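Consider the two complexes below, in which chain A is the common component and chain B and chain C are the respective partners.
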Partner chain A sequence: MKRFSLVLLLLLGIIGTAYSFLVSDAAGFQAPGLARIFLWHWPCTIAYSVMLFFGAYLCIQSLRTRQAHWDLRTTAALELGAVFGIMVLATGILFSEVEWGAFWSWDPRQTSFLMVMLIYMAYFVLRLAIPDPQVRAASSAVYFLLSVIPQLFLIFVFPRLPQIAQQSLHPSQTIVMGLLSNDYKTAACLTLTLLLWLTGLLYRQRVRASMLNLSLEDLP
Partner chain B sequence: MNHALFSMAPPLLIWFGIWWYAYRTDRTLSTAEKALGEILDEKSR
Partner chain C sequence: MANASSNSDSSLKEILAVFRKEALGEARSQTGLMTAGLFGLVAVVSIAFAAYGMKLAGTLSAGLLWVALMFSASLTLPRAMLQEEETGTADLLRQWSRPHPVYWGKTLFNAALMTFEGVLLAILFVVFTEQTPASWPLLLCATVSGCISLAGAVTLCGVLVARAANRSALAAAIAAPLLLPLASLGVGAMRSAFGDGAIVQGWQLTGAMAGYATTLLAIGPYLYAAVWKT
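Coming up: the complex of A and B.
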């Protein structure tokens, strides 16, 4: 199975990275050549959002059926979401430095996403605090479902409020208004496809590993 | 120098994140498969 990790690494490395360096500089940015950070930042935000909604669906299934395998699936999905959330923050920090002049600008969008991540990570802290598997599954699923509402507000509503959008340095309508060139769009879509494809593979592997561990615990 | 560093950092970070998660998952899976194999071997004896 070691080969699996290597194949993932190679695919992402060769195709995604090579293409992201072939795009032309983006106009309208302080550092046009470094605006290509977007090609990695944006797909991570989409992957994070996908795992957020998928995680919420799995939480509902877990609460509805009370079966252990739904809890394992939820944890696997939300772990992957956490990886992408951290990547969103990290690439955002790099973008902030090159385009806005500081690693942390206290931009409303940057700060609201930090809050999202703190709310999100509390899910894992809560799980660590509850030893009983059934109580842990139910409590963490309820917590996550409740946390989806503030997360959605902080991701999709808060940064678009007129008074907040005016203060923010973060471009919010870049894609909607068609400000990206075609090669940028192609590269971003390619990176997104790769990331989502890899996410699916990793999710399946993670669920397989957790299921195997669960069956080991159940063996007489 | 700075330009190259900031251009390379995002893909490297994402690579590393995904590789780390895949590696961790692989290790968990290998350990579980090995433990299951040992249990099945013991039972078959």
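Coming up: the complex of A and C.
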């Protein structure tokens, strides 16, 4: 069963990647062919948001139960979230260079996501600085829960403020206004499914590895 | 009914006791006020000196004033929590007090300290850089709501790093990213106050900052209680 799901994931990966190269060019871009980066950029933003909410849930569980395994799960989820966040930034930077003419355009959307990543990275800095595992688990969970408010503000509210949205080059309204072609919709859904599946798989493996590590530390 | 009333009375007494303890400690050492005051003054004088003979634009003035306020808060406010660990009184406090009154006492003291310093800094900034604010009430309200939000966020960061290595630097490092959204609201509000935007928009942003402060103060005691006896 496990092998079957891995084969299916691999197959979906190949089909998704191939299909994302085959969709027709999007209209209204400087380099229409390279606008395909959206097909990987957008699923990463969704995966990041999923990890943000899932991480917050795990933090609450960690604080409620005070059991080490919830802290391990939290770290695993937030590490994956960080990977997706970096991928969102990286694909955004490439898109910015191709479409807007500079790797970093100080676009409000780009800058607000950089701020989100700084908040996110501070979580790991805090964890590194606290030696006691129990204090580390509680303090980092509280920090993450505290950081959820500014993160939600920066991701969902700030870029949509009228005075900010006017200045932004980011094509945020494409999906909302239904401007995506059917080709793009299908390919985006395919890559999103693939990415979320891969996330689940990586999360489970990371938790399993951390649990093994914890049980090794507990050995006399 | 009588029980609930006596409970809230005792909480209020505890909050006032913690506030008084902080105020007495500050009156004796004056470290917080002096550090924040000196930092803020040096920042304002440096800005005025760097901009000698120039008229600063409203947006730039708002940004510079907010940077001074933010770093001044990050340097000073975590002390309320860090000092307890450094002097070894944290365990005693945990033994005898409940988390919510301790949080409120310390946060209220920090908010009072930061508001006093923030208002003073804003006035000095206006005087030294020869600004003429388009709206004094907006400037003062934006400063006050910004300072209360800063106090709410930085006090909590102080709690989180209290038992970490290199805690003073870490408190500022983890507080700064959390304060960035607040800074963007604050700069927007002050920009309008300095005449670089619509006054109505400035009031809206000040309202948003007040909302941010209220949210922080509402969840703060629960988050503080979660790390209280770990």
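One rule holds in what follows: the second predicted complex is superposed on the first by the 207 of 220 C-alpha atoms of A that agree within 3 Å, B and C clash if a C-alpha of one lies under 4 Å from a C-alpha of the other, contacts with A are read in each partner's own complex, and residues count from 1 in each chain.
Please note the rule applied: a contact is a pair of C-beta atoms (placed from the backbone, for glycine too) under 8 Å apart; a residue touches a chain by one contact, two chains touch by 3 or more.
Just so it is clear, the structure is predicted and the values come from calculations on it, not from any experiment.
When the two complexes are overlaid on their common chain A, residue A:119 makes contact with chain C while staying clear of chain B. When the two structures are aligned on the shared chain, A:208 is found in touch with chain B, with no touch to chain C. In the superposed model, A:129 lies in contact with chain C only, and not with chain B. In the superposed model, B is the one of chain B and chain C that contacts more residues of chain A.
In the superposition on chain A, contact of A:21 is made with chain B only, not with chain C.
By the touch criterion defined above, A:144 reaches neither chain B nor chain C. Within the superposed three-chain model, A:54 lies out of touch with both chain B and chain C [touch as defined at top]. By the document's definition of touching, of the two partners only chain B reaches A:198; chain C does not.
Remark: chain A residues 1-2, 4-5, 8-9, 12-13, 16-17, 20-21, 31, 33-34, 36-37, 39-41, 44, 79-80, 83-84, 86-87, 90-91, 94, 97-98, 195, 198, 202, 205-206, 208-210, 212-213, 215-216, 219 touch chain B in the complex. Chain A meets chain C in the complex at residues 63, 115, 118-119, 121-122, 125-126, 129-132, 134-135, 138-143, 145-147, 149-150, 153-154, 158, 163. On the side of chain C, the complex with chain A involves touching residues 153, 156-157, 159-161, 163-167, 170, 173-174, 176-178, 180-182, 184, 188, 201, 212, 215-216, 219, 223, 226-227, 230. On the chain B side of its complex with chain A, the touching residues are 3, 6-7, 9-11, 13-15, 17-19, 21-23, 25-26, 28-30, 32-33, 35-36, 39.
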